[in-house]
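The two complexes that follow have chain A in common; it is paired with chain B in the first and with chain C in the second.
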Partner chain A sequence: MNDIYEGLVSAFWLVVTFDADLMEISLRSLQVSLTALVIASAIALPLGTFLAIRRFRYRRLVISLLNALMGLPPVVVGLIVYILLSRSGPFGVFGLLFTPTAMIIAQVVIITPLIASITHQAMRELWAEYHDLLISLNTSAWQRIKTLIWDGRRNLLTASLAGFGRAIGEVGAIMIVGGNIDNATRVLTTAIALETGKGDFALALALGFVLIALAIGINICIHWLSRTEREGRW
Partner chain B sequence: MIARVFALVSTVFLGTATLADEIRLAVTTSFENSGLADVLLPAIKEDIDLDVQLLVVGTGQALRLGRAGDVDAILVHSRAAEEAFVAEKHGTYRREIMYNDFVLIGPKDDPAGVGKARSVAEALKRVGVTKPAFVSRGDDSGTHKKEIALWRAADFDPATFAAWYREVGAGMGASLNTAAGLDAYILADRASWLNFGNKANLTLLYAGDAALFNQYAFLAVNPEKHPHVQNDLAVKLEAWLTSPRAAELINGYTINGETLFTFNAKPE
Partner chain C sequence: MSTILPLTLTDVAVRRRGKRLLGPVNLTLGEAGLTMIIGPNGSGKTTLLRVMHGVERLSKGHVEWSVTEDAARHRQAYVFQTPIMLRRSVADNLRYPLHLLGLPKAEVETRVGRWIARIGLEERTGLQATRLSGGEKQKLAIARALIRKPDVLFLDEPCANLDGASTREIETLLQNALAEKTRIIMTTHDLGQARRLADSALFMLHGVVHEKGSAEDFFNAPKTDELQAFFRGDIIA
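And now, the complex of A and B:
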């Protein structure tokens, strides 16, 4: 219990003194996870909506696959991305291994199925409501996807935030493809793993509390920016 | 709203840019945990304007990264594996830089009597007979290989050990955490042990046998095999690591007044 108290105290001091290292790794955490979130959302939101409105032959298979991929172990994703980006792998010429870009790629792979799956669930219900209207207006598939995404934006926000939560708290994949290099690819989660390894539990916990605070802050920010959960608008 | 989100996102992205040369060096966890890197890296930056990016992994993985050409050089401590690396032409030669030593750590009450041993072989024999909880790295790292070699030298085969011998498959720090939790014996390098913050009921029981010395060597990845590696920078770094300035910093590095590393690079 004492460790938790010490962790809280050192977290407090790290934050109020604007510790330079802490700022750097926190910003890098945000940079990597937010980029991954934007890219993953751009793929997953239309994909999930498409799966909800379109009937095709292997639809069920694709949906089951997507749901299964939600539980993809990050370490496995990390290892596969590592092998692909390694100098001796197929994409080695780009020299992306051990850069923030590699970390973003791994996180996109991890969170895209999650966001697409939640999107699909939400859109299926909305589509049941909108089905007759959109069909009778003779809309194209792309128009339907756009309408549903816009009208279902609250649900999609939840889907994206779930993806963000998984990305910012992830450690297994980015440890392998990023390498936890100081001043280059060290982020909050890998720093926590490192400090735990050194037995410095207070600092590790402090970083953990900063990570939790950051996740809460981002969530509040996004809700505030998109004006959800307000009177008359929810 | 979109404009505001965009503004928020773009502020986050003002990325990092450095002008100095960068080299990727795979090092072992024991080297990083010793804290010596925090002394050497700023000095390297100052003297030869080189940013050394450390990839902290086990010796097994470090050699693997070198084989794939994902790093420019490696600094590890497992002679047999290093010689195999050179024999496979992944590196051109190995250059010895410095050594530190391994220590046997265990619970303060020392049920196996390791503290009374006169050699490391005798200490391990006592452990092998009494069978108290013993934590092994089990991750194919330099420390793990050393531990196996020491068991063999004491006429034991770790592969035949029962459940008291726990292979955790983790780095030095994580293994020490496990040993602290189990009140178990463990072989650690002195640097990691002195810097370790969660000692709990553990204490240093045996050290000093010459068999426990731990030689670090620098290997530049062979540019003929991997044309993209920055061999010129690796050579520059090697020259610095074997210089009198490095000798002074390495020999002068202490924790709680104890010297950790002994510089022993031979001039070319």
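And now, the complex of A and C:
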């Protein structure tokens, strides 16, 4: 209990004094996770919607694969991205290993199946509701996808927030591909792992509380901006 | 612009899982008026309507318009028995089909304003359409179908489960559409409504057109025993 109390006090002082290190790694955490979220959403939202409305030969297989990929072990993703980006790997020439870009790539791989799968579930229900109308209006596949994404945007927000939650809290993959380098690739989760390893539980807890506060703050901001849970709005 | 009619169905049949739902149906529908499709439950009314609209896969036969299938699809509209509301405001539900047509914004707003006034929802333009009453939803669905100025309007029991006032408002909308030369083909269970609105009628039984004719002959001098029994309210096996 003493550690938790000290962690809370440390977190409070780190925040109110605008601790430079804390600000840097917090901003980097946000930058990496939000960039990964935007990229993953741009891929996963149309993909999940497409899978909801389009029938094709291996559709069930693709959906099963997507659902299975939701549970991808981050460490394995990190290892694969590491091999691909390492000097001897196919993308080694770009020199991305141990950079925030590598961390973004790993997070995109981890959260895209999650967002696509939740999107698919939500869009499948909306498509069942809209199917006859949109077919009757002779809409193209792209028009259907746009309509479903727009009208189902509140559900998709939930999908994206789930992805963000997974990204901001991820440690295994970004530790491998980012290397937890001070002033370069250190983020909140890798810093927590480091401080825990050093036995500085108070600081690790302080960083943990900041991480939780950030995740909650981002969620509240997005809900507020998108005006969810207000009467008469979707 | 020439009309997409006549509509011709040749040897049309629909089978699902080995069961015949419709057919064979051979039918030609001309350019004007309101054709009412009546018949008992499961007789194939809705299937026939969906076949005509092109949203039901045929097992046999073909459906032809006077223009290509794609051109015809853009000039017809369908109103479902249970109105499907987009999760948008009343005004946005009306804007949606016009945006699909790529009309200029000014034209879209003019038409939307006119139709909102016609269906009496001026006070509810910003309200989510899903929050409307059943009658209001159906009026909005009909307005959303007619706002595109279709040549042909299909309606599947549009007044089912509606009270008298809502039914009257919908019938007025349909009569106005007829006056504007929209061809209407609809199904109903309400024989009173069929008599009030129809110019011609079809009686469906066991998936085939059992009897058809002008409204006057159809309602006043039914030829088949089954249609006579249907008008008497007998149960038809």
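Basically, the second predicted complex is superposed on the first by the 233 of 234 C-alpha atoms of A that agree within 3 Å, B and C clash if a C-alpha of one lies under 4 Å from a C-alpha of the other, contacts with A are read in each partner's own complex, and residues count from 1 in each chain.
To be clear about the criterion, a residue touches a chain if its C-beta (ideal position, glycine included) is under 8 Å from a C-beta of that chain, and two chains touch if they have at least 3 such contacts.
What you see is a predicted model; the values in this text were computed from it and never measured.
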Which holds for A:Cys221: it touches chain B only (first), chain C only (second), both, or neither? first
Report for A:Gln143: first if it touches chain B alone, second if chain C alone, otherwise both or neither. second
Per the overlay, which chain contacts more chain A residues, chain B or chain C? B
Looking at the overlay, does A:Phe201 come into contact with chain B only (first), chain C only (second), both, or neither? first
Check whether A:Ser88 is in contact with chain B, with chain C, with both or with neither, and answer first, second, both or neither. first
Classify the contacts of A:Ile135 with the two partner chains as first (chain B alone), second (chain C alone), both, or neither. second
Please work out whether A:Gln31 is in contact with chain B alone, chain C alone, both, or neither, and reply first, second, both or neither. first
Is A:Asn183 touching anything from chain B or chain C once the two structures are fitted on A? First, second, both or neither. first
Mind sorting out which residues of chain A both chain B and chain C touch, each in its own complex? none
Write out the stretch or stretches of chain A touching chain C in their complex. 126, 129-130, 132-133, 135-139, 143, 147, 151-152, 232-234
Interfacial residue positions of chain B with respect to chain A in the complex: 1, 4-5, 8-9, 12-13, 15-16, 24, 29, 33, 51, 53-57, 67-70, 171-174, 176-177, 180, 195-199, 226, 228
Residues of chain A touching chain B in their complex? 24, 27-28, 30-31, 34-35, 38, 86-89, 92, 95, 97-98, 100, 179-184, 194, 196-201, 221-222, 225-227
What residues on chain C touch chain A, complex-wise? 53, 55, 73-74, 77-78, 80, 84, 86-88, 96-97, 100, 127-128, 131
